[in-house]
Structure formats: C-alpha cells, structure tokens
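Chains: A, B, C, D and E, in written order; residue numbering restarts at 1 for each.
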Amino acid sequence: MDLIAEGITEAFRLLLKGDREVLRIAFLTLRVSGLATIISAAIGVPLGTALSLWSHRGRRRIAGFVNTGMGLPPVVVGLWVSIFLWRTGPLGFLRLMYTPTAMVIAQTVIALPIVTGFTMAGVGQLDPGIRLQMLSLGASSWQLLRILIREARLSVLAAVMAGFGRVVAEVGASMMVGGNLLGQTRVLTTATSMEVSKGNFGFAIALSIVLVGITYIINASLTRIQQQG
Amino acid sequence: MTARQAIIELKGVKLKRGSRITLDVPDFEICPGENVAVIGANGAGKSTLLQVIACLLHPGEGQVFAGGRHVGKEISAIEARRRMAMVLQRPYLLDATVFDNVAIGLRMRHVPKKEVQVRVDEALALFGIGHLAKRHGRSLSGGESQRVSLARAMVLRPELLLLDEPMSSLDVPTRMALLAELERIIKRTRVTTVFVTHDVTEIPFLADRTVIMAGGKIIADGPVRDVLRQDLRGALSQLAGAANWLLQESGEG
Amino acid sequence: PMELILATTTSTRDTGLLDVLLPMFQEKTGYNVKTIAVGTGAALALGEKGEADVLLCHAPASEMKLVESGDVINRQLVMHNDFVIVGSPEDPAGVKGFKSATDALKKIADSEAVFVSRADDSGTHKKEKEVWNKLQFQPSGNAWYLEAGTGMANTLNIANEKLAYCLTDRGTYLSMKDRLDLVVLVEGDAILLNIYHVMQVNPEKHKVVEGPGGEAFVEFMVSEEVQAIISEFGIDKYGSPLFFPDAGKSMEELGG
Amino acid sequence: MTARQAIIELKGVKLKRGSRITLDVPDFEICPGENVAVIGANGAGKSTLLQVIACLLHPGEGQVFAGGRHVGKEISAIEARRRMAMVLQRPYLLDATVFDNVAIGLRMRHVPKKEVQVRVDEALALFGIGHLAKRHGRSLSGGESQRVSLARAMVLRPELLLLDEPMSSLDVPTRMALLAELERIIKRTRVTTVFVTHDVTEIPFLADRTVIMAGGKIIADGPVRDVLRQDLRGALSQLAGAANWLLQESGEG
Amino acid sequence: MDLIAEGITEAFRLLLKGDREVLRIAFLTLRVSGLATIISAAIGVPLGTALSLWSHRGRRRIAGFVNTGMGLPPVVVGLWVSIFLWRTGPLGFLRLMYTPTAMVIAQTVIALPIVTGFTMAGVGQLDPGIRLQMLSLGASSWQLLRILIREARLSVLAAVMAGFGRVVAEVGASMMVGGNLLGQTRVLTTATSMEVSKGNFGFAIALSIVLVGITYIINASLTRIQQQG
C-alpha cells in the first residue's frame, strides 16, 4: 500500500513541477492515440453505419470478423505491422519503423474494429422507420449516413471512447513498432511498462495516474457531448 | 402518352414478406393532378403500397416508373424520391428541435439558409406549431408530432405528396381546419396526392379517386362516389348514427 | 541526421547506462541512435534479419553462432557484471555461502526447493541453463521448477512471492532490493559472470545495414573514455559500480 | 369513504417539463365502475394525465392515491401499477412474437403457463389477430400493432384500464366491432376505464363521464351530455355533414 | 513476409498435431478470459442498464468514470491488483498471486467498465416509451431490466464481445499477476509475447493465429445470436 501513496505523491510532484520529460511523453501519447482515434473514427463510423444498413447475407460474416477484430492482441498487431514496416519488409523503404507514424498505424489497426463494431451495433439498434422517413424526405446515401450517426450518437461516441481507451492503454504494439525511444516514441504506457520492468513500481504508478488522468479528461468531455441528450 | 405521362406507374409489382405476398399490383398509375384516397382493412397493404410508390421498398418482382422512367435503371431511387414527400404512418422525429426536424428535407436539397427559415416558419404556422419551433422533437405529444411530420413533408412542396393516415392523432378542430386548408392547397397548387385513411369523412375533402385494398390487392379503383357506395354505407350510417345520437341528446338536455 | 539502430536487452536498458552514453555518441559522430530494448533472443534475431545495425548483448554462446554464420562482425568485449543466486533468508536448501553455483543448484534440485527460472531465452536464462548443463541435469518438468517466461523484475517478484530461489543479474536485484525479502546467497563463482559484447551487423549481408555507423559505435564502446565512465556508473546510487570495464581483455582472462 | 373509495385520486398534482407546467390538477378522482372519456386539443395534457394516473410519471408536486393509499409511501408504484393496465398512445411492441408481446404482462405476474396460453389466445381472438400470433412484433402494420397493444392490456383484466387513443389506427369495421365489444365488456365486468380520444363518436359507447382538458388543466368534468353540449356541436355537425354528403352522393349516383 | 508463411504453417502444424502444451495454454486462455467475461457481464450488464435508467444528475459523472475505465491500461490494472494480492499486501493471506484466479480478477477489472459502458450506451438509446409501456404492464424493476437488456441485445452482446476481446487479447495484466508460469498461468498472449521477446517471430505468429481463431469462434457464435434479429 505504501507504493500507492508513493505513486500518488510522485504523480503530483511530476505534474506540479511540470517535469519536462513527462510532459513531453504525455503530449506524444495524446498526439499518437488521438490521431489514431480520429482516423479510426473517420473510417469506422461511416463503415459501421453502412454495414448496419447492408441487408445482404454476407453481413453476419463480416460482423463476425469485425467483432473478432475487437479482440486483436496488440502484440500481434505490432508484430504484423512490423513485418510490413521493417527495413527489409515490403514497406521498409518508407522508413517508418520506430517512428510515431508507425505507432499511429498500429493503433489505428487496433481501434478500427472497435469503432466499427460498436457503431454497427448502435446504428443497427435504431428504429428502421427513421431510415425510411429520411429517405422519403430525399436523403442521399451520405445524408442518411450522417443523420443515422447523429441519432445513434450515444453508441457512436461510446465506440470512439472505447477505441481511444483501447489504444491509449495498449503497450504491446507501441513497444514493438515504436521501440520506446526516449524523446521520440516513448509514450505513457511504454514508459510505465519500462518502469515496471525496472522494478520502479512507485514511478510506474505515478505515470499510470497521469495516463488515467488524461483519459479521464478526454473521455469526460466526450461523455459530456454524449449525455447531452 | 406525352400528354398525360403518369407521375408514378407500377407494373406487375409483387412484394413478398417472408413467404406471404403482401402486395400484388399488376398495373396501377397515378396521373398528375390526381388526388387518390386509399382505404382498406388493417393489414390490407395500404402502407406497403405507399412505400413502394415512394421508392422506399424495392418490390421483388415488377417495375416502378417515375415520370415514365424505370426507377433503379433510368432514374435513381434518390432522384425519384426527391420529387415526392411522404408522411409515414408513425411520425419518426429526429433527436433535434422541431425547427430542424421540419428543415431537414430542405437542407438535404441545399436550399439557401434564408429561404429555409422563411419556408419552415410558414409551414410551422400552417400547422399551428410555431410556438414549438425550439422544442425538442422527442418531447412532443402524439398530435404535435404528427403535425411536425406533416409540416416536414409539406414544406418541400413536392410534385407528389404521400400521406399515410396523416390525421389519425389530430384533435377535431385542427383536423377540420387542416382539411379545409389542404383542400385549398390542393386546388391551388394542383399537387398530386395519395393518402391513406380510415376516416371516410375525410375523403370528400381531399380525393377525387378512391382505391380500396384488401389482402395486398387493389379490389376497387375509381371516382369517389362510385367506389364508396357499397362499401361505406354500413359503416357511415353507424357513424352518423352515433353523431346524431349525441347531437340529439345534447339538444334535449 | 544519420540513424543507427541498436538492439539490446531490456536489462541493459533498465540500468540507465545507455542514457548516459548515447548522447555522447551522437555528439561525437552525429548518429542518432535508436535503442530497441527487447529480449536477448529478439535482439539477436533483429540483428540476423538486418533490422538492427549494432547489438549489445550478454549471451556469448548465442552470439558466437551469429559470428560463425557471418551475420555479425567486429564483436568486442565491453564489460561485465555478475549474476547471483538469491533466495529467502530461511534458505530451505541450505546453499548460503556456497562458492560454486553448480553445487548450489545441485543442492536446490536435490532438496526440491522451489526455483523460479526466467525461462525466456534471455541472457540470464542462458546462463542458468549453462549451469544446469554442467550438472547434466534437466530441471524442466519438475514441480519445484517454475518456468516464468517473463522479465527479470517480474521473475524476482514471483520468487519473492513463492519464497523461492532464483538466478538474477545483480543490477536488477539491487534496484529492487528495497521491496524484496530475498537475499543474495551465492556469488562470486567465475561461471556467474555476466559478460557484455558489442558487435556490428554485417553490412554485406543486408543492403540496409549502416556499416560505418556500426563500426563507429563498436569503437566508441571500447574507447578509453567510455570504459572510464562504465567503471564509475552506479556508484552514486548503489554505492558500488554496476559494471566492470573489460575492453581489450579476453574471455579467458575473465575466467568465463 | 369506505363505500366509494376512489380507485385513483390526484391531489394538488403539478407536473413541470422544463419551465412549463404541463399538468395542473388540484383535485381529481376516479371511482370504481366509472368510465371516463378525456378529450382536448393536441398538447392539452391528456397523455400526461393518464401517465400520472398510471403511476408512470411522478409529479413534482402533489400526491397520487391508489385505493386510498399514498403511492410511493403507503403503496409502491409497482403494486399500484399492477392493478391497472395502460395502452400508450404509440404502441411499443417488443422485439418478440405477437404472442409473447401479449403474454408479457401475465408472465410478469407469474400466471401459470397453461392459463397464459388460454388467456392470450382469447385476447388475440377478441382483437382479430389470432393469425398473427407467431409473427414478429416489429413487422406489423400500424393497425395490427395497435390491436396487439390493446390485447396486451385487456388480457390482464385490470381493475382500471387506461386507454390513450386506442383506436386511432383501426379500420372502420374493426373499430365498430370493437366499440360494441368493449361496451359489452365494460357493462359485464364493470371495469373502470379512462380513455382519451379525438373521435367524439366513440364517447357514447364507452363513457358515462367526460373530462375536457386544455393547457394542462381540467376545464370541464361531468356526465357526457352536459359536458359535450357546447364543445362538440360545431365539430360534430361538420362531421355529420361530410357523412351525409357522401351518403347522398352515393344514393344519387 | 516469409515469417507470415512460416507462422501460418506452424499454426496448422500445432493444431493438427494437437501439440499438448499449446492446447493446454489455449484451454487456460479460454477458461480465464471466459470466466472474467462472464463475471463482468453478470455485473456490468445489469449495472449499465440501471445506470442508463438513472436520471439523477450524478449520472454524467459516473458515465465519465465508466468511460475512463474503458481505457485502463492492463499493465496498470495488473500493478494495482498485484499491490493488493502480493504476500505483503492487504489480501496477501489469500495466496492468489500468480494463480489463474488472480488473472481472472485482473481481467474482470479490465472488462467490467467496457461491458458497463456499452450496455449503458445501448440501453440508453432505446425508445423511452418501451420503459413506460413495460412499467404500465406491471413490470418490477428486475423484470424491466431483463426486458430492456433483451431489447438492446445488439449493443449488449457487442459489449460482451468487446469485453471478451479486450481481456483475451491483453497481456500486461496477465503477465504481471499471472507471471506466465509454464503449465500454471501461461496463456496465449503471454506466450506470444514471450516468443516475440525470444525472437521466435514465426512461432509467435502461429500462437497469435490460434488466439485469433479462438476469438473468432467465440465471437462468431455470439454474433450469430446478436444478428438473429
């Protein structure tokens, strides 16, 4: 229990003192996971909505794949992305390995099925009458998509928050494709896991408190929008 | 043909739901300026017919033509729909203000903002819901919702107006006022309408042609008087009887 | 800036030594070093695949395989520290004070006292296997022999939890000492030396490998300046150095 | 007091929505055996009144008594609700078969399985929807849904039946048949009812007391004839006029 | 790319040969993550439903906490659970550390906010009329809960699948509180991550294919129920 006290004290010290390194790491965390979340929302929300409207028989199969994608282990995603991005891999010439860009790519792969799957479930739960009514008023496919997303925003925002929560919290993929390079690709989770592996549990707890704090601030603002009725 | 090109034409339309055929219309057309009333028992297929006309339901068999063009081939469903507006049987309001609910169709058509404001205000006034403009679509009473739903369709000034039991939840004075108003609009703008109703007293105000449906089929189709004669006498006399009873009683008291 | 990928083990990174050395190297040569800290096996594999330019590892036998296959060149001895056998103060197998690690493990095996192995093919694990091999004993599969398959800190935690014996590098043990009940029981045997080599990946095997930078890094690590820093590193924190510089020496001199 | 203990009594009830008062009923009671019709313009507060009676909406101010006991204090809302059944203005059917939809209230009361089967079958037959029993609640037409919603409430044989525009989507023959049937049931079982309608012709069949609402307040309350006299004459004569027009026209043709 | 081919071949070899160790690991994975999912569903689904019905002002705050919980980093959860379960910790006398039970506890902590948050969003999106109608038919609080969950089953099942996907894929907490002990607490993710750290990338891919396969089978059956209309 002393560890917790130590961690909390340390967390406050870091934040109040404005430890430059920790701030930089926190900022990179936000940038990488934020970007990955935005990209997966931009793709996953329309995709999930479109899938939920698709009445084809293939939908169930695709839903199965998407739902499985929600359970992709980050280490595995990290490994697969590495295979493509390694210097000797097919996309090696881009020299993206061990850069924040590589982390964004891996995190996008992780968040995308989550955002898509939940959007699909949320929009699929809307009354089909809304769709008919909007089409009868002349909605184009895109307009319909926008309207349905807005109607299901409770679920859609939960989907985005879950996607963000997932990537901001994952460590396996970031560690693999980012490499936890100080000042370049070190984010809060990789730093925490490094401190744990060093046995610096107190400092690890401090970092984790910072991370959870950031997640809370982001998700509380999204929750505000979500619960606004 | 060119002189009276049908606004909508169904040819050999059959629609299955599960294994049951819920609509079977070999040939049906609506010409410009016609005002058609559709009546029939619950489950007769009235709403289904309207949804097929509105290009919302794609029939498994047969073709739908809008302005002579095959929907889905020569003209897209969206394009066909943009000439019409429909009031569904159950009003589905968006999770937004009443104003936004009524404006949505205009915004879909990229009508300039100022015009939207003017036209929506007009429509709200027409249906006596101007005071609700800023209220939330989901907080309305049944009749208020139905008026919003009507306003939302009328504001589009479509070529073809499809109304599925549009007045079932309206109070009597509003219904009376609206009947008169709609009659006036129809006469003035010569808009084509198809409306479903269970209240036969509405028919003389709004229709010049009546279609009776049963079991997914159109079993009678023609001028109002011809069609209604047999079918309605029984029901109407009962209704009128009740009305008279009331009037008498109250006259007496 | 020119980029150099250094693959090393987590235990090396965790000491913080590289955080002191790498900025110096960058200043000297202009190379921006990316340190990828992974398991020993992964570090060697990255070298073999040409995904790294230089390696800093502590698994001499496995390293020699890469030297023989020509995947790495220019392998040089840098420094050492040592492994120790730790266990609960009660010491149920009674190995405290043993001079020979081999004897100690034999005693532990004979008394079937719980022993936690990293079992992850790390340098530490390879060292442990080396000792078992000398005993010609295969511990795997015995109920008292726990195979953790995880990092050193976590393995120490497990040993602490189970009041078990464990072979660990001294650095990690020292950094966690405050919150462990375990004490050092066996130390000082020559076989327990933890020897670090630096080597560059053969640029002739993979086009992408940065040859000159790798060579510069090897030079740097064995330079006098760096060796001096190594000999001081850790004194301020633990009271004794974490590593002993060995540049220029041979394995035989260390007794490994 | 003991002789005619009110089934439901509202005292000083005021209900706010946002800043507007949508219900303001200082004193209102319904006695056993009464059959009350509630009429009024859209948005007058009829549905709100019914929901307060049904203990679904908790008024911010005032008390509701069920059988003389203060709801929420002396009797729980759930217990009070179990003596009633309500048909909401908009039928919300569950995502299940029609049978299950109608059976749900009985199952909530842990009625034995066999009895559920018998009573549900009976109720389905009464509303002419026996053939729909295995159909899915969400695939019904508007009128079919409304019948299911009615069956679902009637099957419970409640002490107090609350009906919010229960026949707005029914076809004329069904409505006529049902009016007669409901009248018979009411006479026979002496069930207490409160129903909202816009169709004044229904009132003589189903009510002996009429309440008129406006702006959240009860503005008239008494025997049917007394209350309706002024209010209805205008509307009714218009309706009757339309009906007569039709009958004459068709007689002529 | 050879690694992928190697991994796929290896995966099939492992499964066809019925490698005993891999089967045992796969079985433990299912047992631990399955149990954690069941527990979090049993608590989270009713809890989320209840929260979505709760009209109190505090709801938004709680929603914010729940949504933040969706982003709890597994390493952090592992660390906190460890602090309680360590021999010297407050629950140390239970001797749960480095047992499958400890892993179930940690995974339940991870899955619970996910299941709760999505159930809340899904049920919250139902038409409030359903609630009124059911209450008016005499539903007790529990009966109402059951009915609403059934109505929102598209979202609720997505919530459970996401919870399962999250815990079956996470490695940080399992590694920390389980210790990846061979034959005792080694699950597919900890094994995969161990193989990655050993540099056995092909074998790691093989294990990850087995893991994704299991997730697919479970989620496909849940998807079947979900999409059944």
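The working rule: a contact is a pair of C-beta atoms (placed from the backbone, for glycine too) under 8 Å apart; a residue touches a chain by one contact, two chains touch by 3 or more.
Here the structure is a predicted model, which is why all the values come from computation and not from measurement.
S.K.: Could you tell me which chains are in contact with chain B and with chain C alike?
M.R.: Joint contacts, listed by label: A.
S.K.: What is the touch distance from chain A to chain D, in steps?
M.R.: The least step count works out to 2.
S.K.: Which chain's C-alpha centroid is most distant from that of chain D?
M.R.: C
S.K.: Highest contact-pair count belongs to which two chains?
M.R.: The chain pair with the largest number of C-beta contacts is A-E.
S.K.: Please work out the Cα centroid separation of chain C and chain E, and write it as a whole number of Å.
M.R.: Computed from C-alpha means, the inter-chain centre distance equals 36 Å.
S.K.: CA centre of chain B versus CA centre of chain D: separation in Å?
M.R.: Their C-alpha centroids are separated by 27 Å.
S.K.: Between chain C and chain D, what is the gap in Å from one C-alpha centre to the other?
M.R.: It comes to 81 Å between the two C-alpha centres.
S.K.: Pull out every residue in chain A that's touching 2 or more other chains.
M.R.: Counting only residues that touch two or more other chains, chain A contributes 3, 127, 196, 201.
S.K.: What parts of chain B, by residue number, touch at least two of the other chains?
M.R.: Each of 90 in chain B touches at least two other chains.
S.K.: When you check chain C against every other chain, which residues touch at least two of them?
M.R.: 154
S.K.: Under the stated touch criterion, can you name all the chain pairs that qualify?
M.R.: Pairs of chains that touch one another: A-B, A-C, A-E, B-D, C-E, D-E.
S.K.: What residues on chain A touch chain E, complex-wise?
M.R.: Per the stated touch rule, the residues are 1, 3-4, 59-60, 63-65, 67-76, 79-80, 83, 89-90, 114, 117-118, 120-122, 124-127, 152, 154-155, 157-158, 161-162, 164-166, 168-172, 176, 188-189, 192-193, 196, 201, 204-205, 208, 211-212, 215-216, 219-220, 222-224, 226-227.
S.K.: For chain A, which residues are in contact with chain C within the complex?
M.R.: Going through chain A, the ones touching chain C are 3, 86-88, 92, 97-98, 179-182, 184, 194, 196-201.
S.K.: Which of the residues in chain D come into contact with chain B in the complex?
M.R.: Interface residues on chain D, with respect to chain B: 17, 39-44, 46-47, 89-90, 139-144, 147, 164-165, 168-176, 198, 200-205, 224-226, 228-229, 232-233, 235-240, 242-247, 249-250, 252-253.
S.K.: Could you please specify the touching residues of chain B with respect to chain A in the complex?
M.R.: Within the complex, chain B contacts chain A at residues 51, 54, 56, 78, 81-82, 84-86, 88, 90-92, 94-96, 104-105, 108-109, 136, 152-153, 156, 162.
S.K.: Can you check the complex and tell me which residues of chain E touch chain D?
M.R.: Chain E residues touching chain D: 127, 129-130, 132-141, 143, 147, 150-151, 229.
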